[in-house]
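So the structure is just underneath, and the comments pick up after that.
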Amino acid sequence: MVLFYILLAFMIIAAIIAIETRDLLSSVVSVSAIGFIGSLIFLILQAPDIAITQIVVEVLALIILIRATIARDLTTIAEGREFFGTVVCVAVLLVIALATVRAADALPVFGRPAFASIEGSPSQIYLRQGSRDTGAANLVAAVILDYRAYDTLGEATVLFTSIIGATAILRSRTVKALQEPEA
Amino acid sequence: MNDRGMSIIVKTITGPVKVLIFLFGINVILFGHLTPGGGFAGGVVLAGSYVLLMLAFGKGYAEQNLPTSLASRLDCIGALLFATVACLGAILAGSFFVNFLYQRYLPGRLLDLVSAGTIPLSNLAIGLKVGASLYLVVVMLSVFGKDTADKV
Amino acid sequence: MAYALCLLLFMIGLYCVAVKKNLVKIVIGLAVMEYAVNLFLIMLGYRAGGVAPILTRSEVGPKGELSDIFVSRAVDPLPQALVLTAIVISLGTLALLIATCIRIYSRYGTFDITQIRRLKG
Amino acid sequence: MTGWMPAFVVLPLISAFVLPILGGRRFKPVATVFANLVTLALLLLALAWLPRLLAEKVATYRVGNWDPRVGILMVLDGLSWLMLAVIAIVSAAAMLFGARYMEQYTAKAKYLSLFMLMLAGMNGVVLAGDLFNLFVFLEIASIASYALVGFGCKDEQLEASFKYMVIGGVGSSLILLGIALVYGNAAALNMAFVSKAISSYGWNNGLTFALVLFVVGFGIKAAVVPFHAWLPDAHPAAPAPISAMLSGLLIKTLGVYGLTRVIFNVFGLTGSIGWVLIGLGLASMVTGALLGIGQWDVKRLLAYSSISQVGYIFAGLGLGAVLLQLGNAHRDLARWAVLGALLHLANHAVYKALLFLTSGSIEMATGTRQMDRLGGLAQRMPLTRAACLIGSASIAGIFPFAGFWSKLVLVVAAVQARFFWLAAAMVAVAVCTLIMYLRLHRYVFLGPLPESAGMVRDCQGSMRVAMLILTVVTLAMGLVLIVPQVRGSVLDPAVDVVVGGVKQYLAMLEG
């Protein structure tokens, strides 16, 4: 478990680097570093499905992000908002951070999740009857494609929407000549 | 081997490596219900193999290999396949998204390839859809602005 | 303690979106926020000394009944299903954001908000 | 009949998948007609559902025949039906209007597909009985609207869409964090089981923070005042039928409906949530009206007035919540307040969409939206003028028109509940709205015809039909309140759901 905390600390450091560096390319690289460390953490947290998906999605996200920054505005970026605005933002964020920490304390302790203690919670049913109801050995796939397949239909549609949207925005010929509306 | 794309070394390596990546993607999709991974992860790996091809050999070569119009059609067909699997559940077994294959016709034994009814079919449909659409986006992103004169 | 670190990551992402002036930096801030939420979801389902919720030959008896050890030690599959969806949603949003960034860049030649006149706040 | 419930979501989804294939050069008219047929079919399906809804209050549909504890449940009750009907009417009219208006843009197949996806997302949100399912369909509708706002690819449209994406993305992450916190405490995602777990395991500050996250997340989607920064840029930049859908439906379905479902049916009324809603509503009302008066761009004026009208709805719901918390003595007064808010929601969706369609036809005819360069269009565009007149009369709350009735109910409820300052604020904002729209008419329709507007003619074909439909519906909305049978069948089930709160939602799912 110590490894988990070390990796989490690396993630936070990488996030701070991603935000504070002036050079665009190095901040893109450190964001994908967060993604890769994240997939390692998912492995530690016994979520192999998510680790595979995270690594592979991270590779494509890196390609997309680099595509946006290569041969582009690589010069140093004008520094952030004037000092006063930053201080106000940091103050507001500190208040929100305190509220989140207090809320997180109310959650069950990190190692003992709520579903274990609550009798008859959905996850216990998935674990106990998952393979018998759906026949899938990988219970996560059982949950995704049989118990909650409606979510995955929505999920496939989200990706479909963003692809159609991206191609619509990136089309080269956008507006026909605004001819007078014919009779 | 025109000059677009990367150096000669990368091009020679890309040939066999692309096939391996593609096979790995197919493996992740097909065994989605037995081993970790599934439609999404496998689809992204498929897209990765074609993106590697595009990066190594330049956009023209990749265009011949998998034109964007075909990719957008594959995207729509994959999504339609997944929707029809869901609607078949509604028609054959009463309610939307029922795993009719497993519950009615083809239970199959646990832990062998053909065992979870419609789950592998849905995995295939999602893998096709995710692969085609992500390849399409990466090509559209790299084609934009480079050679198309920006006429609005 | 672990939740606090994860939510700290969320705050860093929120800070970046709120303060930074560069379009790509804002997109990076949004991506960091989504990583933090995904991590938080998986941490909710983790069970100390848990086992991945995937059945292998050893855990399944001849007639397909499950060993009790597996059920009592396996990690929660439900948040993993949610995170799989959330990861692909964040990829979709990222693709759309970058497409708009590139289009804006081809129009203004810069990623900086101050030069792009109409963006307020 | 219950078997048809998924059709509300699957029909637009499948047509969204088919349209890009169908939308080739020579198939464009076929694609447009197909899309119009789909929206009309949804309208008929929604209306056909009404008699069944009156028979038994709630229809639940188990996706995949799974027990609600394990699988996903689709729920259609009074409130969802009201939203479905409003979505169906406005989207049918917007699609009809768009069939002709979008000729000036390329890639029409992609526009139709994105329109269908937004429709499917909104129907999915309204029918969702599961928290994460609500989030996924909320995400579909939002991403489709991000792309549609930036559809024109001109400078300000791209910036507006980028800003909308960033703020919307932050909102979605907050909602997902809220759902994660709720799951951490309740270990269930189905709304009924979450509310049962909350009531049985008691309230801790994790749930309070989750409620705050939901209010902020849905508030961003509903463009309430502290988070309204994106709306005045996004709505004018979108093409006219899309800004009609955005202003009329999206902020209501994603923002107001989501918040109502979470607050009234899942979390129940605790603490000062009622006062928070009233505060948000009041702030949006006043800011929207004050900022709107100074605008010179027609669509920006309409966008600011959307913010202030949503403020009315929030204030009405907040008033209902506060009265419900005071105990059963005020129950029927709370019913009146919630009835006013829901009626205002339906009214505003219809006539705001009409006003945006008229602004679209003005823009198409004259090519500009700036009021100082327009003028005297009354003679040249009679139908648009009539539609705009009726729309602005009803939004300003003039007697026989729809807006008057809902504002009347809200003010009466506020007065009877001894909230005189709230009633006074509502009346004051109504006066500001009246000034806003008189100014709109003065500059756009009356006055001399500028010489630059050479060959201006009224809109043609399907745009005309769409505006006619919405005008007739706006006039008919007044009857919804007066005629008791109509009110009994349309509005009362929705009000029962909201006022019934957690207990009724639980009883419904167990039954």
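Chains here go by letter, A, B, C and D, matching the order in which they are written, and residues are numbered from 1 within each.
Following the convention adopted for this analysis, contacts are C-beta pairs under 8 Å (C-beta built on N, C-alpha and C of every residue); 3 or more make two chains touch, one makes a residue touch a chain.
Small disclaimer: the values here were computed from a predicted structure and weren't measured.
Enquirer: Farthest chain from chain C, going by the mean of C-alpha atoms per chain?
Expert: Chain centre farthest from chain C's centre: D.
Enquirer: With respect to inter-chain C-beta contacts, which pair, A-B or A-C, contains the greater number?
Expert: Comparing A-B with A-C, the pair joined by more C-beta contacts is A-C.
Enquirer: Indicate the whole-number Å distance between the mean C-alpha point of chain A and the mean C-alpha point of chain B.
Expert: 21
Enquirer: State, to the nearest whole Å, the distance from the C-alpha centre of chain A to the C-alpha centre of chain C.
Expert: Whole-Å distance between the two chain centres: 2.
Enquirer: Chain C to chain D: how many Å between their CA centres?
Expert: Whole-Å distance between the two chain centres: 29.
Enquirer: List, in ascending order, every residue of chain D touching at least 2 other chains.
Expert: 13, 17, 20, 63-64, 132, 136, 139, 143, 146-147, 150, 153-154, 158, 161, 183-184, 189
Enquirer: Which residues does chain A have that touch at least 2 chains other than itself?
Expert: 48-49, 53, 57, 60, 64, 67-68, 100, 104, 107, 113-115, 122-123, 126, 131, 137-138, 140, 142, 144, 146, 148-155, 157-163, 165-167, 169-170, 173-175, in rising order.
Enquirer: Find every residue in chain B that makes contact with two or more other chains and list them.
Expert: 35-36, 38, 40, 72, 76, 79, 83, 86, 96-97, 99, 110-111, 130, 134, 137, 140-141, 144, 150, 152
Enquirer: How would one label the connectivity among the chains shown: line, ring, star, complete, or other?
Expert: complete
Enquirer: Would you pull the chain B residues touching chain C in the complex into a rising list?
Expert: Counting only chain B, the residues touching chain C are 35-36, 38, 40, 110-111, 130, 134, 137, 140-141, 144-145, 150.
Enquirer: Which bits of chain A are touching chain B when the two form their complex?
Expert: It comes out as residues 48-49, 51-53, 56-57, 59-60, 63-64, 67-68, 131, 134-138, 140-142, 144-146, 149-150, 152-153, 155-157, 159-160, 162-163, 166-167, 170, 172-175.
Enquirer: Could you please specify the touching residues of chain D with respect to chain C in the complex?
Expert: 132, 136, 139, 143, 146-147, 150, 153, 155-156, 158-163, 165-166, 169-170, 172-173, 176-177, 180, 183-184, 189, 229, 233
Enquirer: Per the contact definition, I'd like the list of chain A residues that touch chain C in the complex.
Expert: Interface residues on chain A, with respect to chain C: 4-5, 8-9, 11-12, 15-16, 18-19, 24, 27-28, 31, 34-35, 38, 41-42, 45-50, 53-54, 57, 60-61, 64-65, 67-69, 72-73, 77-81, 85-86, 89-90, 93, 96-97, 100-101, 104, 107, 110-116, 122-124, 126-128, 130-132, 137-140, 142-144, 148, 151-152, 154-155, 158-159, 161-163, 165-166, 169-170.
Enquirer: State the interface residues of chain D toward chain A in the complex, per the touch definition above.
Expert: 13, 16-17, 20, 63-64, 66, 69-72, 103-107, 110-111, 113-114, 117, 120-121, 124, 132-133, 136-137, 139-140, 143-144, 146-148, 150-154, 158, 161, 181, 183-189, 197, 204-210, 212, 364-365, 367, 455, 457, 459-460
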